[in-house]
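Heads up, the thing below is written out as structure tokens.
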Amino acid sequence: MTSAVAPVATTGEQSPVSAPRERTGRRAYRWGIGIGLIGLAIALPYLPIQIPIVFNGPINSPGPMHLLSLMCVMAAVAMTYDLLFGYTGLLSFGHGLYVALGMYTTTVLLAETDLGLGATLLVVLGVGLVAPLALGAVCLRVSGIAFAMVTLAFAQAGAIFVIRDPYDFTGGELGRAMTYEKLPSKLVGVFNAPYRYWLALGLLLLVVVVVRWALASRPGRVWQAIRDNEQRVAVLGLRPYSFKLLAFTLSSFLATLAGAVYALVVGGAHAEVTQATFTLGLLLMAVLGGTGRPYGALIGGMVYTYLVHRLGSLSSSVQELPAVIRAPLMEPLLLLGTLFVLLVLFLPGGLVSIVERPAPDLLRRLRAALRIRASGEGQ
Amino acid sequence: MSSFVLMTATGLGLAALYFLVASGLSLIFGLMGVLNFAHAAFLTLGGYTAWLVTDATGSLVLGIVAGVALAAGAGALTESALLRRMHGDHVPQVLLTVGLLLAFTALVRAVFGSDARPMPVPRWMTDVTSIAGAPIPNSRFVLIVAAVVVYAALALFLARTRYGLIVRAGVENRAMVTALGIDVRRAFTLVFAIGTGLAALAGSLVALVQDVVSPEQGMSLLIFAFIVVIIGGLGSFHGSALAALLVGLVQQYANFYALTGMGDLVVVLLLAGILLTRPQGLLGRRLA
Amino acid sequence: MILHVDKLNVFLGESHILHDVSFEVPQGGVTALLGRNGAGKTTTLRALMALAPATGQIRLAGQEISQELTHQIVRRGVGYVPENREVFAGLTVQENLRLAERPGGPHHYDRVFSLFPRLKERLRQRAGTMSGGEQQMLALARALLNDNQLLLIDEPSQGLAPHLVTELTEVLAQVADLVTVLLVEQNLAMVRRLARHAIVLDQGRVVWTGSAEELLSDQDTTRQLLGVGVAGRSGGGV
């Protein structure tokens, strides 16, 4: 075996015969696109563009702005999830716990204590660091399915605590509204939706930068090596446990931060994020977009969130739909779940893989893998 | 004393439910390596079918039987048409079952709405029988009897039949079973169908006990069933029975004697404890 | 030729384990598959059994089996005794044997019990509680219960005490009278006693084929290919 830690295939950069100047050119091209997109995203609140059907009103009106904010927040959370699942190979069913932690800590502290927004956020950051360190240290003692189950169990414990509300502050099933008086005025009110959008966008950009930077760093490459072959990493003298804990903590920390922003965007905390179905949704987002790909989870998160919200409101607005079509549209998960099943069956690389051209040896490996399936017991 | 008896009976009833769901899950995982989230969908399928058929025909027995048969058939179909395409690949299998669960639950919500619907429960089930002064609803006895019957039937199946032998061997070493010339895929389909049939039975019984059917019934029961499976040991049939008893009783006692809601937390702590000290579960053999 | 293998390649993950492995196994007697540790011998047997993903052509008694599943190959009359025995520890000896009964064919319990009388005594015992030697017998017995054209046996002497190895060798000699055997072994004394034909692998490639006697009588070639003298066990290197 030549290289022990093989970098994950990214678009373009795998082909062996591109000249250096070609590659620089391609990289400049991609940077250009990226900056252009970011610029466009920042400028959106100034653009009274109407996109019929896609958005209900001009883009910079409160409704679409709110939807875009949600898309940004969820895309960020999906990216943190993919860091764990797609890049480190850790399947967690409890990621929602940290989003909930961020949401509820923010909301409850603002409501119950004298702390201002800044101090509250500092506490949230602290919690987002300490909680995953503590829980991760316990959960990571096992791996694979057992790990997935412990994370589920802890998340379930959190969910139960929130719903039963033994100390009477979580608001139970109804959730808890934000204390608006304590927020900067720019973030409050329907017509300040663009500011909340910028906040969500800022979160997304921050998460993108941090995650990409982390993945390119040395620990990031070790995470991917752990995903591919944990035993080999151990044999090389590195302790997988510490690296996994690092990935878990970073991912959960960012998720907690996203939870705080989420609370600011939606105006409170709600119990939905504590449910297992929320984390399952994250899983869906990551797989939909394409796990282990640079922007797969981002795209998956955006598409998923958009569909979940838009399909519902679309079906209620169009009156003449027969019940047969109307009912499934009101339940976006029906379409999404089915899409997900089809994806897993036929397009395991997610949406992003439609665009990417797979590298030649990836094709060969795919073919070999398909032969394992054909022979039934490739173990 | 009478409250203790009542708690014990309720705990046993709960244990019965957990066992019905967990035994199938455990065998499916042990034999096929599939963590079947879709199990919750079959739970819900069982509940709703029982409700619809009982409403239409007036016969509860027919309703339950219909639910079990439908779920077993749907399970066999799901396994052979969908899951089989991903043999050996555990993560995609889990993803597939997750997708099926989400889609099916959404379908139920789309067709029947998210609200709970009342379940026609025969009078004698809500009547109570007094044992040691404790008023125990008859439905609890139904649960316990059902679980005992299923346990005995499955134990016999595993110990005495050829397919049972294949399943026991397959849980230990699937590849070697094929190396003896046995087509394990049939055993897979059979085990999956048994599992989903049992889930449907549990689903209809839950509906009877709670007096309603709702789309989320499956999910909440599933999470505890998973916990029972892990504590008992993935792939261990007897383990899931033992763990079901443990979890059901502990949950009830904790809820009653400590604080409502404590029971659930205690169970979670129990899971964490087992995973840290004995990851293969009480009676399990393989490490996950 | 009972077995014809052409350009067998096995990839596991990113590693290329077997490179264009081609060989033939003549009908009757024992053919030894030899090589150092890690040469790819076990992988070859597993590929033949479709237990490892492989490309290439495999013909059993003239029939193409490269695309078949494990159980289909076995039902053509192939018995497999893997490294580590892999008996079902939770099942009794009797259950292990019952499981091995192939539908339709005659089941030679008389043959099995005459070769391994100890198994008959332990029918109700759980296989997991038996000694290594007894488990080896059970693993062999499973393969001998049915009529087979070919037996694939992987390092049966591993971990066995010397007197058991002698016993095992005699049993295998009797077995070889009944069915063709492809034997992976590192115990060269055993190979010398049993094998007619030999194939040597090194780093996933075939490096020598021919008569076993010819190979083992040449000390230099033996040491070079297998890492140690004739009387001992081959191995050397990782």
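A, B and C label the chains in the order they appear, each numbered from 1.
Definition applied: a residue touches a chain if its C-beta (ideal position, glycine included) is under 8 Å from a C-beta of that chain, and two chains touch if they have at least 3 such contacts.
The shown structure was predicted, so the numbers you read here are calculated from the model rather than taken from an experiment.
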{"item": "Greatest separation from chain A - chain, by CA centre", "value": "C"}
{"item": "Chains linked by the largest number of contacting C-beta pairs", "value": "A-B"}
{"item": "CA centroid of chain A to CA centroid of chain B, Å", "value": "31"}
{"item": "CA centroid of chain B to CA centroid of chain C, Å", "value": "43"}
{"item": "Centroid distance [mean C-alpha coordinates] between chain C and chain A, Å", "value": "50"}
{"item": "Interface hub residues of chain C, defined as touching at least two other chains", "value": "51, 69-70"}
{"item": "Shared interface positions of chain A, touching two or more other chains", "value": "372, 376-379"}
{"item": "Junction residues of chain B - those touching two or more other chains", "value": "175, 178, 184"}
{"item": "Chain B residues within the chain A interface of the complex", "value": "29, 35, 37, 82, 85-92, 94-96, 98-107, 109-111, 174-175, 178, 184-185, 219, 223, 226-227, 230, 234, 259-261, 264-265, 268-269, 271-272, 275-276, 279, 287-288"}
{"item": "Chain B partner contacts - residues on chain C that touch it in the complex", "value": "49, 51, 69-71, 74-75, 80, 82, 86, 88-91, 95, 98-100, 102, 142, 146"}
{"item": "Residue ranges of chain B touching chain C (in the complex, touch as defined)", "value": "162, 165-166, 168-169, 172-173, 175-184, 285"}
{"item": "Chain A to chain B touching residues, read off their complex", "value": "91, 138, 141-150, 152-154, 156-157, 160-161, 164, 166, 276-277, 280-281, 283-284, 287, 327-328, 330-334, 336-338, 340-341, 343-345, 348, 372-373, 376-379"}
